[in-house]
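Heads up, there are several structures right after this.
The same subunit A turns up in both complexes below, where it pairs with subunit B and then with subunit C.
Showing the complex of A and B:
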């Protein structure tokens, strides 16, 4: 049971106050400003004109923007699926390993996540570019006769995103799988269930909160990715994050950039609401004792 | 599940190879003597020497350290305050506020970057290292909060009750009981925040003004102007420093 210190005794608001004001000022206020500005108009010479209109949102239906939005969703979904396929066996293996080994495996999964994202993305540029490591090796081995073009493509973006967010999938999957009662699986074996049946009827349903949480944790940052498509993607691999950056820093159409951001935010919030319910057993473990 | 043990093990090792291979290759080739290709041409420390001599990089490193230090101190002051303060609230209210405070960890970083940019421009605050520090202290507060809260949950609440029973004021309890008990977690959280600040690119990218170049911004502009072995060397240093700091932080959190 969660014990909390009696309210009267704990110094509370003077400890909470500064932090709450800080987060309110730099997190809540800016997001609200973004929402307000998404309805503003754009001046002839850039800058903003304070008027209310839905033009920015209607502009998003333009094929150019719609294509980027659609492509971002596809890439993020592809990343999520690949992470799930790759991460599930790993998470399952860790969950079934001897308890003293689990910690080491988890640490091994986490370490790359703690290294600089920019550096990790650069590593793939180094590997995938025309004169890169992969082409050098393939040419030496005689697998290909001329270098293959891998960098600056959707494939490269997909690889980079999977690479960046795989740990986000493995950890919640592990937490869910570790809780799966082993005796259930053994009972199924005893009842002559096939391997596939055990997976589909027992492991998968029990792991569902972990699957949902993992998918959410991978999908959201993939959808809002900026650095990966910026460095690994070509001109045709732009994602929402790049579009937002473009509108804010290059095209200087802030109201439109704000509208795209709000759309992204809405999407993220919707996904979170939907999946928090499904992942609840994982987020809020049953009270101890 | 012994039958599939071999298969699972191979899949897991393949995953680790996927995670570590690129970083390992990057570090290995930072010692490559060749400038132009990914062909191995012998060991060399040339690129590290080139980094050392690069004055723009030194300036960026100084900026990075300054930003990381100040933003970490700020995030610790605010985050530890929040973590302890939350203890005083009751169940439902506490959970709501805590979840709201963790939101910056969930939303895409680009959103945080552009909304801060918008905010600073609208309140007419010129972009500089100060705005970068503010941005970093924003995303580091939830990090500190998570780590310190995890520790607080493990503390024996009776310790605080004993202190109160012995006539300690709430300030004394905080000063002589809670904070000393939290010290490893606070140090761990500080190291974590420091590392994340050193590594951050996106929020920095949107909130840094001209002249406020940090190391990741410098790496980015180097990458954009063409790949070179110096970037490999700098990346290798980044990897080693981040891993060292994070390792230390995890060690402290475990105590």
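Showing the complex of A and C:
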């Protein structure tokens, strides 16, 4: 890092204050509480019984929970991959557009956020259902002869997740691609690199921090999604987020819900560590000196 | 220097906290005249609230919850300031057990004297010390009579392969297992692991036929024709009837759930007298009839019947026929067995 603080003195620590207090009170404290609760027992009426036990964690060894986690990871990974495939060209186009156009494109990417996610998910239900918009159009055009059953399937969940999280992929990718030095690309052309080589050896490595950030921003929330599987998946299967919501809100089994949450967080933290390290060697544009 | 800054910022935070406290105390007088009603969304007509406000010179503030569990979690989490709330029967039982609910003064509740006979002595509150039934109904099957020509009378229709992919079930583990258990001739409140396991097997066999497990939009599924059989509460099925007149409702002969949402005064309420006056007002025959007509749920007050339009009164999805009562069962807490239901439900979902 070549960046330095102008005056040569580290900025005052209290700049951290507001953020630290907020996160401390509203994030760390509940997190610790949840960790403690994950070792408690469930009371008859859904309260907590304060007796230390590992039962909740041992219960999670049931293959059922591994299947839920496995399916969630699969769906989240699929979502991430599709977002990356669609988001990368989009972000690249925006980053290379005329500067005065970029703002408009970015605004368009962010427009969906103006409406609540729940409302937008309901809109997807109208589009995907048997007598919905999509089937009506496809039938009219003669593309299909009978309506396709899209709603209430994992495909619908995937569509909904990709739709919901695409902007989270595009924005960090845009930031990374916009910073790619065009002269490096030109130099590659001058050296007779093919299109594919330019992409693979120049653009992709330089954009890698954006790729990693975008993938994390898409993967983590889609792993914990519970609204989309419920509405677009017709609650026919569960993602890990549904299970946690179910334990906390329906079964009122907070200890088990807390144990699942702790395990999920452990998994996500491990994955982040791994991916951040994986990102590192390529972040440095200059070779080791 | 640094320490000073820290103390200063801490002081500032404290000041902010105290400031808001003082603000709350300042308007204490105003607070005495404000009733806080914690209820389901769209569960009370604004014009009815306005009438109560006018009569008593008070203000009614409505706050909403979306599930019984959310209500309990909020109250257990220490939410105070609510006066009246309206949990479903099984949750009212839990709230009474947990000491969250205040005892009622029957002298302030004359309208509770005319409740429907079968709602006079609820199993968890036999002498109405804590809870007054407000709206009630059944769980059954909503179906499209244009598609299903022979009116079904049994839960078995939900296993009929002819309707594969056109069936919706509630996304509620106790109700779904309840329906299956009843179809097997068992109680919906069984704690027997073998019965729960057998019910799970039946549900696994049914799953390929089920289009969706939906608790809050199956009225739309029925009305749009996406499903032709929907396991659900009567009220939403009655709503679907308005959009698609061929929709009918039946409570299967093997029996089903009866439910009642109950008005209670919270133990933490500082305005218990006003709260009870409010409950009494909601039970007033004309007010109750208006509510039944608006929400498409039966009023618990028998005296409201004369004011309810006949088409509502005669709709079995809204007003359950009285001769059904022997076949209906209240849902009760199953204690430790809940984890069995839970595991079975999760397995069903992951199949």
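Everything below uses one rule, namely that the second predicted complex is superposed on the first by the 234 of 289 C-alpha atoms of A that agree within 3 Å, B and C clash if a C-alpha of one lies under 4 Å from a C-alpha of the other, contacts with A are read in each partner's own complex, and residues count from 1 in each chain.
Basically, a contact is a pair of C-beta atoms (placed from the backbone, for glycine too) under 8 Å apart; a residue touches a chain by one contact, two chains touch by 3 or more.
Just so we're clear, the structure is a prediction, and the values are computed from it rather than from any experiment.
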item: Touching partner for A:235 - first (subunit B), second (subunit C), both, neither; value: second
item: Partner chain(s) touched by A:149 [first = subunit B, second = subunit C, both, neither]; value: second
item: First, second, both or neither for A:114, with subunit B first and subunit C second; value: first
item: Touching partner for A:158 - first (subunit B), second (subunit C), both, neither; value: neither
item: First (subunit B), second (subunit C), both or neither touched by A:69; value: neither
item: Partner chain(s) touched by A:253 [first = subunit B, second = subunit C, both, neither]; value: second
item: First (subunit B), second (subunit C), both or neither touched by A:93; value: first
item: Touched partner set for A:130, first subunit B, second subunit C, both or neither; value: second
item: Touching partner for A:212 - first (subunit B), second (subunit C), both, neither; value: neither
item: Touch count on subunit A, higher of subunit B and subunit C; value: B
item: Interface residues of subunit A shared between complexes with subunit B and subunit C; value: 13-14, 17, 125, 129, 131, 248-249
item: Subunit A residues within the subunit B interface of the complex; value: 2-5, 7, 9-20, 22-23, 26-27, 29-31, 33-34, 37, 86-87, 89-90, 92-94, 96, 105, 107-109, 111-112, 114-120, 122-127, 129, 131-133, 135-136, 163, 166-167, 170, 185, 195, 220-221, 223-227, 231, 241, 244-245, 248-249, 254, 257-258, 261, 264-265, 268, 272
item: Complex contacts: residues of subunit B adjacent to subunit A; value: 1, 3-4, 7-9, 11-12, 15-16, 18-20, 22-23, 25-26, 29, 36-39, 77-79, 81-82, 84-91, 94, 97, 101, 103-104, 106-112, 114-119, 122, 134-135, 137-138, 141, 153, 157, 160-161, 164, 170-171, 173-174, 195, 199, 201-202, 206, 216, 219-220, 223, 227, 231-232, 235, 238-239, 242-243, 246, 250
item: Sites on subunit C touched by subunit A in the complex; value: 2, 5-6, 9, 13, 67, 69-70, 72-73, 76, 94, 97-98, 165, 168, 171-173, 207, 210-214, 217, 224-226, 333, 335-336, 338-339, 342-343, 345-347, 349-350
item: Complex contacts: residues of subunit A adjacent to subunit C; value: 13-14, 17, 21, 42, 44-47, 62, 64, 67-68, 71, 125, 129-131, 149, 151-152, 230, 234-238, 242-243, 246-253, 256
